[in-house]
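This structure is in structure tokens; I'll ask about it shortly.
In order of appearance the chains are A, B and C, and numbering begins at 1 in each one.
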Amino acid sequence: MSANNKSMNDLNSSLRGGGSRERILTAVKKNQPELMTLPVVKNFPQGFSSPVEKFSEVLKGIGGSVYEVANYTEVLHILTANFPGANRIMSTVQELSSINKGDTGYEDPHSLEDVDLAVISSPLAVAENGAVWTMDSLVPQRVLPFICQHLAVIVNKENLVSSMHEAYDKIGNADYGFGVFIAGPSKTADIEQSLVLGAHGPKSMTVFLIG
Amino acid sequence: MTVGLFIPCYVDQFYPQVAKATLSLLEKLGVNVVFPMNQTCCGQPMANSGFEHLTHGCNSLFIKNFKDFDYIVCPSGSCTLHVKDHLHDEEHEEIAKAIRGKVYELTEFLTDVLKVEKLDAKFPYKVGMHQSCHGQRGLKLSQMTELVAPPFSKPEKLLRMVEGVEIIQLSRKDECCGFGGTFCVAEEAVSVKMGKDRVEDHVSNGAQVITGADMSCLMHMEGILRRQKSPVKVMHIAEILNGDIESLN
Amino acid sequence: MKKDHAALADKFNQDEPRVDWHDETLWWIRQKRDKAAFGIPEWEELRETASRIKFNVLSNLSQYLEQFEKAALDNGVQVHWAADGEEHNRIVHSILQKHGVDRLVKSKSMLTEECHLNEYLQEHGVEVIDTDLGERIVQLAKEPPSHIVLPCIHWKKEEIGELFHQHLGTPKGNADPQYLTNAARLHLREKFLTRKLAITGVNFAVAETGEMVVCTNEGNADMGAHLADVHIACMGIEKIIPQRKHLGVFLRLLARSATGQPITTYSSHFKKPRKGQEMHIVLVDNGRSRQLGRPEFRNSLKCIRCGACFNTCPVYRRSGGHSYHNAVAGPIGAILAPNLDMKKNADLPFASTLCGSCSNVCPVKIDIHDQLYKWRQVLVKDGYVSSAKAASMKAMAATLSNPALFKIAGKLGRWTIKHAPFVVNNGLNPWFKNREMPEPPKESFREWYQKNRSGTPQPSAGREPQYKEPSKSKIPH
């Protein structure tokens, strides 16, 4: 056991030393009511006929852009046209590596601070709310989709599901370290409820539905 | 069928015309109505202030007065709801339970028990319908805007049977007027502001008369309208349904 | 004595146009919520499902907590338990000390507000930067948030412009939300990049997997946590849900109820620390196990902090969050606060008309208005209501249970006039300040009835009541 680990354990046991864990658990056990059964979560089939249309409509409604494309060449075309001023572009999508520009290092998450455009792929997108799912295994650093100025996401149309229920069915018990649903650009309405895109994270989000 | 007429204390003392209209309306519809003279109050003012434990006396009196009727009808959603939810009596819990099951607010009694389909009344005015919270959210006299469910309204259904009535649309269909029992004095500032806003919604949407199934809310709004010297009138729904007022002047 | 809700609300109402503005802003959010909810035909069933999942959680919480702890430990996360706010603050501080950290970033966490973590850390020389824009605004203004989802909903943009001018050096007079938000973005980005420790709240913690989900629109929780060497997540013990798939239910409800969005921009699932990072979870009780032991009030622990009950509450909209003098304001705050301190918060359950709108919007179907009613009973019984009020209620009860007394009282100057809320027609009467009194009629209904209907037989009130089936007789014509 490393010295650091050991001191951490000491710290832990001293923090728990007050016996709060046991006290809390005992109190909870004593006070919780008789067991009530867990309900079955229905799948709630969604009423819309075209998940692609629904996804596009919803994502646009929350400030994102959506392109239906046939192949990666089209994606390249659109991204180059839409982000002409980008100095640092980082793509985690093999097929789009030609778009990479500037520093390619990513060892230190802080060094991603000046990424203008990040291109990532998503194995799962949700029509009802315009969200795409990604995980730490798909990005070089967890912070990448948050710290970049603009975010582009590639989703295979086959990976579009209707609802969050279906989404979690697909995620199943995947063992990620970090996973996230992203729905649109970073935003805030904290100042008098006026919507502003680009609070801390990306100012724009572009999703390419491919296939 | 004999109905016990349950008249809230403040209606008895300030709005006898509402009680008379209720009585007359029920009688016109062929119901045998009795007003038990020994009734006082349902106990709600105390209970809502946190003194439910003091309402035993009120409760047993209520039971004595109303136990023998087929139905108990009251022109106030709030008082009806209180009886439905809180009438208990340790010694006569069975009877209390039976009463809780047979007490009705006037409009629901008309639509659900008497199944009234038409009324002989005329009221050629623009009417704003105030949905009192206890009637609406408590007794479910009409659908609540918060719920994803089909709309309906028992009082409005009845109003539509009155010739000439035009029900105006409100921008906030079922917001509370701010009366709230002792809230109206304990939280004077908010209560008044809520009342003013509610009144304004009716007035700006063209109401000539504000009506509803609960006189307490109407009394609060009337107080505000009169302070503002507004020509808009307040009237209990029983008065309109009974057809005893055909002209506002 | 500290001002109570009514006094603070009265102050808020001195500026009526501002009350209108506050009310309309929040009502607009309620309407957005309605629109989002009505877009989901299965909405009510979804609420019912969420409610039942939460009931299951409360009934099995001790086991879920242990299951969660084990899974989190297996994930390499360090788990701490805090019995109260004080212990929570100490735990957080000790982690800071261990890392020699004296400045940190924090994303929104109502729990840390409840525990007064910021004050505690500041007293110990630690600089805390709240990174949610709204929270940063109130932090700069040295105020608590006034809403759990919209912390600075009570601030006007011109005032924020002035605040930023003073603290962030933006040009005087610039009140453009776009401009101000960008100024905050630059200001806070520097903090994210330089702080080694980040604190976040938790929206849901999954017992099955040990992961915790944090929902934001701004991305501030992620910016903080993914850049910091140490991530501390603080959560109340009621945030547990059984399984990952239950997130589907709650994430569908949360943002739609809160702001009318289909989902928050980011729903981040933190399961394991990233390489080289340390991740801590602090599980906080602070009165929750006690509330769990109150059968009438335990449902309040189902709350997912969406804020919908605030936005719909006609009182909250017209009294402002600070009138509740509690970290969590609004209807839910009014039923949580007495559990924390009955004396200090005895006024809050009375700050409601019991209209019930809150219970109807609540995505987990908490019977908020019924609990307000029940808290009133408890507070009165435990002596937290003035003795004058208690005496007048006793007198009222005596009169109302005695018909003879009631009749005499009624004759003697209309008893109701004295006991109904409007006492006498003068300036001291809170009813009369802004409302006319009803005009007393010539005779009461009772008097009229006696005169005109004395022939109607009366029920035999003296006799002991006997149960009688309602007759099935038809309506006579």
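By definition in this document, a contact is a pair of C-beta atoms (placed from the backbone, for glycine too) under 8 Å apart; a residue touches a chain by one contact, two chains touch by 3 or more.
Source: prediction; values computed, not measured.
Engineer: Considering only which chains touch which, how would you classify the arrangement: line, ring, star, complete or other?
Structural biologist: line
Engineer: By mean C-alpha coordinates, which chain is most distant from chain A?
Structural biologist: Farthest from chain A by mean C-alpha position: B.
Engineer: Calculate how many whole Å lie between the centre of chain B and the centre of chain C, each centre taken as the average of the chain's C-alpha atoms.
Structural biologist: About 30 Å separates the centre of chain B from that of chain C.
Engineer: Would you kindly tell me how far, in whole Å, the mean C-alpha position of chain C lies from that of chain A?
Structural biologist: 29
Engineer: Using the average of all C-alpha atoms in each chain as its centre, how far is it in Å between chain A and chain B?
Structural biologist: Averaging C-alpha atoms per chain gives centres 52 Å apart.
Engineer: Among the residues of chain C, which ones contact at least 2 other chains?
Structural biologist: Chain C, residues with two or more chain partners: 41.
Engineer: Residues of chain A touching chain C in their complex?
Structural biologist: Going through chain A, the ones touching chain C are 7-8, 11-12, 15-16, 18, 20-21, 23-25, 27-39, 41-42, 44, 47, 58, 62, 109-110, 113, 126, 128-131, 136, 141-143, 146-147, 163-165, 167-169, 171, 173, 175-194, 196, 198-202.
Engineer: List the residues on chain C that touch chain A in their complex, please.
Structural biologist: 25, 28-29, 41-42, 45-46, 48-49, 52-53, 55-56, 58-62, 65-66, 75, 78, 80-83, 87, 90-91, 94-95, 98, 131-134, 137, 150-153, 155-157, 160, 177-178, 180-182, 185, 188-189, 192-193, 209, 217-220, 222-223, 226-227, 237, 242, 244-249, 251-252, 259, 261-274, 283, 285, 289-290, 292-293, 295, 298
Engineer: Quick one: in the complex, what on chain B touches chain C?
Structural biologist: 1-2, 4, 7, 9-17, 19-20, 29-32, 34-41, 43, 45-58, 60-61, 63-71, 92, 94-95, 98, 102, 114, 133-134, 137-138, 144-149, 172, 174-176, 178-197, 219-220, 222-224, 226-227
Engineer: Considering the complex alone, what residue numbers of chain C touch chain B?
Structural biologist: On the chain C side, the touching residues are 5-6, 9-10, 12-13, 16, 19, 23, 27, 34, 37-38, 40-41, 43-44, 312, 314-315, 318-319, 349-357, 359-361, 373, 376-381, 385, 389-390, 393-394, 396-403, 406, 410, 414-417, 419-422, 429-431, 433-441, 443-446, 448-450, 453, 456-462, 465-468, 470-471, 473-477.
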